[in-house]
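The block underneath contains the structure these notes are about, expressed in structure tokens.
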Amino acid sequence: MSTLHTVNKSPFATNSLTSCLNHCREGDAVLMIEDGVYGGLSGTAVAEQVAAKAGSVSIYVLRPDADARGLAQERMLEGIEGVDYAGFVDLAAAHDRTQAWL
Amino acid sequence: MSTLHTVNKSPFATNSLTSCLNHCREGDAVLMIEDGVYGGLSGTAVAEQVAAKAGSVSIYVLRPDADARGLAQERMLEGIEGVDYAGFVDLAAAHDRTQAWL
Amino acid sequence: MKFGVVISEGPYTHEAADTAYHFVKAAIAKGHEVPRVFFYHDGVNVSTRLSVPPQDERHIQNNWTALAKEHDIDLVVCIAAAQRRGLLDQNEAERQGKDANNIAEGFRISGLGQLIEMGIQTDRLVMFGD
Amino acid sequence: MKFGVVISEGPYTHEAADTAYHFVKAAIAKGHEVPRVFFYHDGVNVSTRLSVPPQDERHIQNNWTALAKEHDIDLVVCIAAAQRRGLLDQNEAERQGKDANNIAEGFRISGLGQLIEMGIQTDRLVMFGD
Amino acid sequence: MPDVKKFLYVNRKAPYGTIYALESLEVVLIGAAFEQDVSLAFLDDGVFQLTKGQNTEGIGVKNFSPTFRALGDYEVTKLFVERESLEERGLTEADLQEITYEDEDDDWAEKPSIRVVSRAEMAEIMADQDVVLSF
Amino acid sequence: MPDVKKFLYVNRKAPYGTIYALESLEVVLIGAAFEQDVSLAFLDDGVFQLTKGQNTEGIGVKNFSPTFRALGDYEVTKLFVERESLEERGLTEADLQEITYEDEDDDWAEKPSIRVVSRAEMAEIMADQDVVLSF
């Protein structure tokens, strides 16, 4: 039993990513979408916090949203995987529930 | 020459108050309105940050919004003054410009 | 697998209605079912047939209407949220004594019970909002 | 003193249109002038005459229409923002080939130039939004 | 699929500044008729929804906070409030409304609906649901 | 009242997730016709509006970032970007688009429109305006 968490807010603007990371559990997945993709960037003020979770939780970034914002995959933290909308669907199907951190 | 800054977001949800406090200058005023009124509460995770600015900057809270949320004036940090909508108008008139931290 | 989808923000203002659209298309392309999309909060604004976006922009309402028609998706607009925000179908307009209505083809106005029902009847519920 | 006011968020969804309303009333009560209120972003949604809020709630559009009439306030709805979001007056509806319009009495649709002009001609500009 | 699903309504936003808190409550009230296993979670700014003494006269908006006290009548009796969220906001349980329900399995004894839980417990509650609705 | 006022457009939000960045740019373009003294401020997530290499094909939304490069033609030549905001986001000036204008007072020499400033300088710029529009 695991959860797909979606985060669609910039971690520099709101506390959504922090709250999500504080509540997700081992085996869960976090998918960053929309303005949430900024949370995957390396070298930022929140990168350490995200990297610390990346062991127990799988972290994904929605590539179409990252591309729109000019964020190449190589700018992302190590271990963060890019997915397209089909990958988003697969993640939603593979986990028992989806929780949106709006 | 001084500015009235308005903050209408909870400091626990977004970075608006922090950004405002980082950019306001001695002699400016900060008015907390709408969900921004939570920034005036004492004993919170952001209270120290607000109190540190309260010397050089005048901080106000819009009482109708604080009342709506059940926040009595005595729950506010020392030095934060309550105003009504007429007081908001006076503040806007008394400063040279208004800047909204949306 | 059956997906239920909720859209909580208005078109153009937020990306939610766009992301949901791409998600639903991808789910259907993978052989999943999306029996219903529920529009709540400002999401009800997606259903207006009066929007005129710039020529070089996507037409969010038209896209939903077309997708719903092609794949038989039930686009439900919450009546309580819609009334507050000025989204009415012909029936509602008459009932409320309003001289115009603005709901687009393919959308229907109904109650919040449809959201709960969607939660009960689908395997996964995915929310897009702010 | 002359105040210009901008409202950037939709009615009911955000408190912006309410706070602005109380601010404008207070400013006028103090003898200030509020020649214009400009509705931008989702603020254009305030101008719909089709909203039907619950009986025990304030009617935001009616309140603005009444206040504007009483104090001769120019309520300007940004045309570009309004088109995207499906807010049209009769002229616009005809021009765009739409079969309905939804702008309430007291509001007029015009360009962004009216916002800049308000900034130039007033002593203070106050923004309410999200 | 089970006949009864576990529904969790997650409330993370403050009241009045935006409509999410009110419209969340509207879903809860309608949803109660479907006889599912309903819980409400209040965390982050959502805990502000439950504060005592809300008086909205000055802003001219309807005060919907009394509705929380009626939830027991709709058999909505599990309101989980996160302790850490309260603490960060300078609140204690004493700042929240008293919300109770009558337990039909215990001779209609009046019991508190609010249960203050730790962040880790909140995460467990979230992980134990079939449907999570976020507001 | 002066004939020419100082207008500052404050951009604090990321592009595409919400429409504020795009609709702010629309005001700037229209406002240019009024021959006021215009500056743009990019701070907090607003700095993300200026990043290079934006490709919106996948999300099906119009890419408006090239419009920033046209601002010089509208005589909008002062784009202040906050250094601390860049740093917190792992960005440097090299991540931003090159935006230039031709200086009519200097034999139409091509000059950069973007000026990276410190937070303290940004506060000074804000305090030196007649009208501040926030997006």
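Going by the order they are written in, the chains are A, B, C, D, E and F; count residues from 1 in each one.
Methods note: a contact is a pair of C-beta atoms (placed from the backbone, for glycine too) under 8 Å apart; a residue touches a chain by one contact, two chains touch by 3 or more.
None of these values were measured; they are calculated from a predicted model.
Visitor: Just how many steps, at minimum, does a route from subunit B to subunit D need if it may pass only between touching chains?
Guide: 1
Visitor: If you walk touching chains, what's the least steps from subunit D to subunit E?
Guide: Between subunit D and subunit E, the shortest chain-hopping route counts 1.
Visitor: Is the contact between subunit C and subunit D built from the same residue numbers on each copy (over half shared) or from different ones (under half shared)?
Guide: Both copies, subunit C as well as subunit D, present the same residues to each other, with over half of the numbers appearing on both sides.
Visitor: Which chain pair shows the largest tally of C-beta contacts?
Guide: After tallying contacts for each pair, the winner is C-D.
Visitor: Between subunit A and subunit E, what is the separation of their C-alpha centroids in Å?
Guide: 27
Visitor: Report, in whole Å, the distance between the mean C-alpha point of subunit C and the mean C-alpha point of subunit D.
Guide: About 26 Å separates the centre of subunit C from that of subunit D.
Visitor: Distance from the CA centroid of subunit B to that of subunit C, rounded to the nearest Å?
Guide: 38
Visitor: Where in subunit D do residues touch two or more of the other chains?
Guide: Each of 12-13, 15, 19, 22, 41, 54, 57, 125, 127, 129-130 in subunit D touches at least two other chains.
Visitor: Using the touch definition from the top, which residues of subunit A touch two or more other chains?
Guide: In subunit A, the residues touching two or more other chains are 8, 12-13, 15, 34-35, 64-65, 84, 97-98, 100, 102.
Visitor: Do you know which subunit E residues sit against two or more other chains?
Guide: Touching at least two other chains: 16-19, 44, 59, 61, 130-132, 134.
Visitor: Looking only at which chains touch which, which shape fits best: line, ring, star, complete or other?
Guide: Basically it's none of the tidy shapes, so other.
Visitor: I'd like to see which chains touch which, written out pair by pair.
Guide: Contacting pairs: A-B, A-C, A-E, A-F, B-D, B-E, B-F, C-D, C-E, C-F, D-E, D-F.
Visitor: For the complex, give me every residue of subunit A touching subunit B.
Guide: Residues in contact with subunit B: 12-15.
Visitor: Which residues, counting only subunit E, touch subunit C once they are in their complex?
Guide: 1, 5, 7, 19-20, 23, 26-27, 30-31, 33-34, 36, 130-134
Visitor: Give the list of subunit F residues in touch with subunit C in this complex.
Guide: Residues of subunit F touching subunit C: 16-19, 59-62.
Visitor: Could you please specify the touching residues of subunit C with respect to subunit E in the complex?
Guide: Answer in residue numbers: 6, 40-41, 80-81, 111-113, 115-117, 119-120, 123, 125, 127, 129.
Visitor: Which residues of subunit F touch subunit A once you look at their complex with the stated criterion?
Guide: Subunit F reaches subunit A through residues 13-18, 44-45, 48, 51-59, 61, 63, 65, 88-90, 95.
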